[in-house]
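Right, one structure below, let's go through it.
Order of writing sets the chain letters: A, B, C and D. Residues in each chain are counted from 1.
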Amino acid sequence: MHDIWIKKMKKVEQIKIKPNMKVSELVKQMELSGVMGAGRIAKAAIILKEMKKDKDCTKFFGFAGAMVPGGMKDIVIDMLESGYIDVFVTTGANLTHDLIEALGYHHLQGESNVDDEELRKKGIDRIYDSFMPNQVYEGLEDFFTKNFKTLSEKRMNIKEFLWKIGSLMPKKQPSILRACFEKKIPVFCPAISDSGIGLMIWGRLAEGKKIEVDAFEDLKEILDIAWTAKKAGVIYIGGGTPKNFIQQAMQFSPIGGAAYGIQITTDRPEPGGSSGAPLKEGISWGKMNAQGKFVDVICDATIALPIIYAAVKE
Amino acid sequence: MHDIWIKKMKKVEQIKIKPNMKVSELVKQMELSGVMGAGRIAKAAIILKEMKKDKDCTKFFGFAGAMVPGGMKDIVIDMLESGYIDVFVTTGANLTHDLIEALGYHHLQGESNVDDEELRKKGIDRIYDSFMPNQVYEGLEDFFTKNFKTLSEKRMNIKEFLWKIGSLMPKKQPSILRACFEKKIPVFCPAISDSGIGLMIWGRLAEGKKIEVDAFEDLKEILDIAWTAKKAGVIYIGGGTPKNFIQQAMQFSPIGGAAYGIQITTDRPEPGGSSGAPLKEGISWGKMNAQGKFVDVICDATIALPIIYAAVKE
Amino acid sequence: MHDIWIKKMKKVEQIKIKPNMKVSELVKQMELSGVMGAGRIAKAAIILKEMKKDKDCTKFFGFAGAMVPGGMKDIVIDMLESGYIDVFVTTGANLTHDLIEALGYHHLQGESNVDDEELRKKGIDRIYDSFMPNQVYEGLEDFFTKNFKTLSEKRMNIKEFLWKIGSLMPKKQPSILRACFEKKIPVFCPAISDSGIGLMIWGRLAEGKKIEVDAFEDLKEILDIAWTAKKAGVIYIGGGTPKNFIQQAMQFSPIGGAAYGIQITTDRPEPGGSSGAPLKEGISWGKMNAQGKFVDVICDATIALPIIYAAVKE
Amino acid sequence: MHDIWIKKMKKVEQIKIKPNMKVSELVKQMELSGVMGAGRIAKAAIILKEMKKDKDCTKFFGFAGAMVPGGMKDIVIDMLESGYIDVFVTTGANLTHDLIEALGYHHLQGESNVDDEELRKKGIDRIYDSFMPNQVYEGLEDFFTKNFKTLSEKRMNIKEFLWKIGSLMPKKQPSILRACFEKKIPVFCPAISDSGIGLMIWGRLAEGKKIEVDAFEDLKEILDIAWTAKKAGVIYIGGGTPKNFIQQAMQFSPIGGAAYGIQITTDRPEPGGSSGAPLKEGISWGKMNAQGKFVDVICDATIALPIIYAAVKE
């Protein structure tokens, strides 16, 4: 009887590498091995493909961590433009770095093991081993000086405020925020004040200028989207506020939680925080559907996201 | 010559355990060993003590992760009431769990390895191995129904909104938010909409009620505090938005970054996110002062915070 | 009905810190909170106490990681001398560092963020933020030159070889190996050749001297102990070969796996290695007994072990 | 002047994904981004390629963790047969799993979140989410019964013992150990007694049979190889005894430490253990050469190794 049980289990095929292998072929090998990190990369690719094909599925994408300084910007833009993302939630930092690049600046490669005091003197900010000259703040100042009137002309929610920025952005480089605006993809950032963009607004507030952006109004939009979706899928890069904000909305999806889920994180679950919590935990809350397909990929997102996306990109 | 260099180094004393040892004695032993995790726990206790004694130091406390379900609430209340915290920044989740306990509910102990579908059916939400009955939402509903008029009578920033909640809270159990209100300790929560409290406000917005809480106005308050402080100290539990929001303010402290810093986290630095970034990285940004005293404690906060605080509590 | 289920769950008590608190009182508070890392520290203390009191229980202790340079030596000696350990398994590195200290040397405190090339020039070896002057090798050379004849006079298994070293050790400082010898506690170290002690033996082999230490003979001893034990308990610090070697023996314990288990590790389970595997996984192998009491403490051992031991030490 | 410094830094290019991309193209994109995990994957591929081309370089490969159950066996065999590995060091577990597959068994795919007691009853052993029927031990018994005489006919070191097993292995499936034997690649396993192979030998010892395998003799071989190498390169998968054993040998390489190094691990450095120690730390010991090229890839090896190898495989 045990033998029958065992016979139903799939064999772990040893991964085979061929010369000039395509990423999709490598990920197929990972699917055949089916275990540990490799197995989860493959499962994520399968779920991403399926989620994309499912016409009934509204796809929520949470994007946290230093992902623009980490080289993930163009992948996200491509995903936004190719129909992988219907709702985009991120941190103020990623939007600020996106704006900085749109203004013509770029991030720089370096070492993590450096003299930070020396960097301070040189006017260079460090994000692990990615660097940014402090001069970018001059560009940000110019941008907000030039556009503040437009940005502040009426009371807005955060999404409207961000689309407005997206509409005003120069086109020197591809931009996540401009792509969201152009594709009319709702972009949420609950903690927007916690960012370089926040600081720019503060600068104007400190000068006595006025701008009214509402802290709670976005909830109506994202919960409406969740509520009216036939089905929901979620993709979480790095946890943080973006994951939690989407998870909160999932409680309102009609079928009872997301039907698809991909999470990429290196955070541990044991201390109990949302960023490290396995998707499975969300079932108890009605955030994930118990019959859904989901996977936790425990991996640096700058490694996992490019592989998974390259495996499904057609 | 090398010998001279070596002679200046402190010896690693092997930690000695005595019967009935006090926490302060144990942490003193950790100070004498001086290395790895134990050495960092001891260093954190020394910095916390020094920061407290420094009359010129304004102390910013960032509190992220599932810390109220994790049993850290009363420690934080004690720190608020004993002068360890001048500015408090946290997540909406912690404030919601704090409110839930103030309403007379409590969290429950369980196992992390459970059937989440079964929990769903039973109406129990899971936060790793801490649990919460779904009924708490009825209590939240009642609270916000009863108090919405007061909460919405004028346009506010998030801090004012939270103090207002603090002022309205029942006294069934000790509360972080009520302690902040009573002690007039500024409490910031940039992503407040991302929480059970947010959902309660959404419920009223969806009914067409009106409440105006501003997303950016808090920045004026926290940056003013940072700007006018003689010196700043920072304590970060778990990273997240609270850490980033305080770090952002630190760029405006007159002496150029925080003079004291304690960080407790289990996040890795390599993926580049703020939660796992060593405090040292902040020097490059002017968030931490290069001559400051700081330490990264790589540990579950529910273990590290009680030990550190018990070692300095007088 | 659900309410009944919920009523049976224990409340998460918020941890309370008092001035001059004893470690045992703090860990009692952690027991009352009962969740996340704190709850696991408390559970480990309870299991350690119970295991000690159980006269039928043979206690196996696996000790990996840089624990002697990390200040854990005297705790282990105290545990060996106080009846907490019946069988001791460790790495060659810990035994070498133990011998080095017994010869009168000590480890030194430093910073992890240093110039390793400079250290190389100064003749200082680094173990994260613990340091050791290269001169210790002269002391090791002298010790093995003086004692090689005694060490090589007959064919031995590794345990006999290590006891012999223990019997020859100077008494300048307390020693794990000498304590094992004096208390006649079997000490196993399967990968003994992978250590400074191994290098010393190699030096003699390279000179054409002869010593016969057998790679497999220890298995008879440890498996006999496991086989004849009424009950077994296991404590794993840091995983590695020591954990795996004890787990292997547990398959032969008559009641079917260890009845008690404590594991302290920071390794992740997902990549599948033994060091990060939860104790629960051992049930499938018959290494842990399904009715046993066990806990995984996800924490730096230099933090967790002193707290747990201080909480139970009488 | 600062601008000059900044101008010398390389730009972080945002990673671009094309349809049907080859792994080598993806890794080229990661090289252009150059930061965080992606940058390190690319750097590892560059170093692996360079190490292979360097005719003066003796390449040491340390292989720890559940890598055969994790699907990495055929990659390692391919590396052994294609000249990427000159000296192979591993754990007893990997050699046992390799032998098990050579005997015609295979590992099975499953879930990590399972009932281990049920597995116990069904006779299935779990290694995270890879499974193995207990029946494999019958095959091992048969193999060692049939071959014990040959294995025990003369006193051997561990390498000779393992080559002997390699020579006797059936050819039902590809095998690491047979590949080492056939290619005459030295294979070391200091803790061989800590494995299923060890248990098989113990079974015979317990019956009073005799086999003499020496614990220290291998050191002469590996240190001779290190000593006579013009240059050394090291590749560490998962740390453990294999890494430490090679690092120990590196202290004897004439140029003063390895000239190339790749480490793939998810272990943290802070607790001080060898598995999580950055390669850079080895400079202080003379294990890594300060002018060498090396990189720490913080990633699940079942993800990182296939990508890196697929990127260089020609």
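The definition used in the following text is that a residue touches a chain if its C-beta (ideal position, glycine included) is under 8 Å from a C-beta of that chain, and two chains touch if they have at least 3 such contacts.
Please read all numbers here as calculations on a predicted model, not as lab measurements.
Distance from the centre of chain B peaks at D, each centre being the average of the chain's Cα atoms.
In summary, the pair chain A and chain D forms a contact in which both copies contribute largely the same residue numbers, shared numbers making up over half of all those used. The distance from the centre of chain B to the centre of chain D, each centre being the mean of the chain's C-alpha atoms, comes to 42 Å.
The mean-CA centres of chain A and chain D are about 34 angstrom from one another, to the nearest whole unit.
Chain centres here are Cα means. That of chain A falls 25 Å from that of chain B. In chain A, the residues that reach two or more other chains under the touch definition are 35-37, 66, 69-70, 113, 124, 128-130, 266, 268, 270-272, 280, 298, 300-302.
Residue ranges on chain D touching chain B, taken from their complex, read 35-37, 113, 268, 270-272, 298.
On the side of chain D, the complex with chain A involves touching residues 2, 5-6, 9-24, 26, 29-30, 33-39, 41, 66, 69-75, 78, 101, 106-110, 113, 122-124, 128-131, 133, 174, 266, 280, 298-304, 306-307, 309-310, 313-314.
If you check the complex, the residues on chain B that touch chain A are 64-66, 69-70, 91, 93, 112, 116-117, 119-120, 124-130, 158, 190-195, 198-199, 201-202, 205-206, 211-220, 223, 238, 240-241, 244-245, 248, 266-275, 277, 280-286, 290, 300-302.
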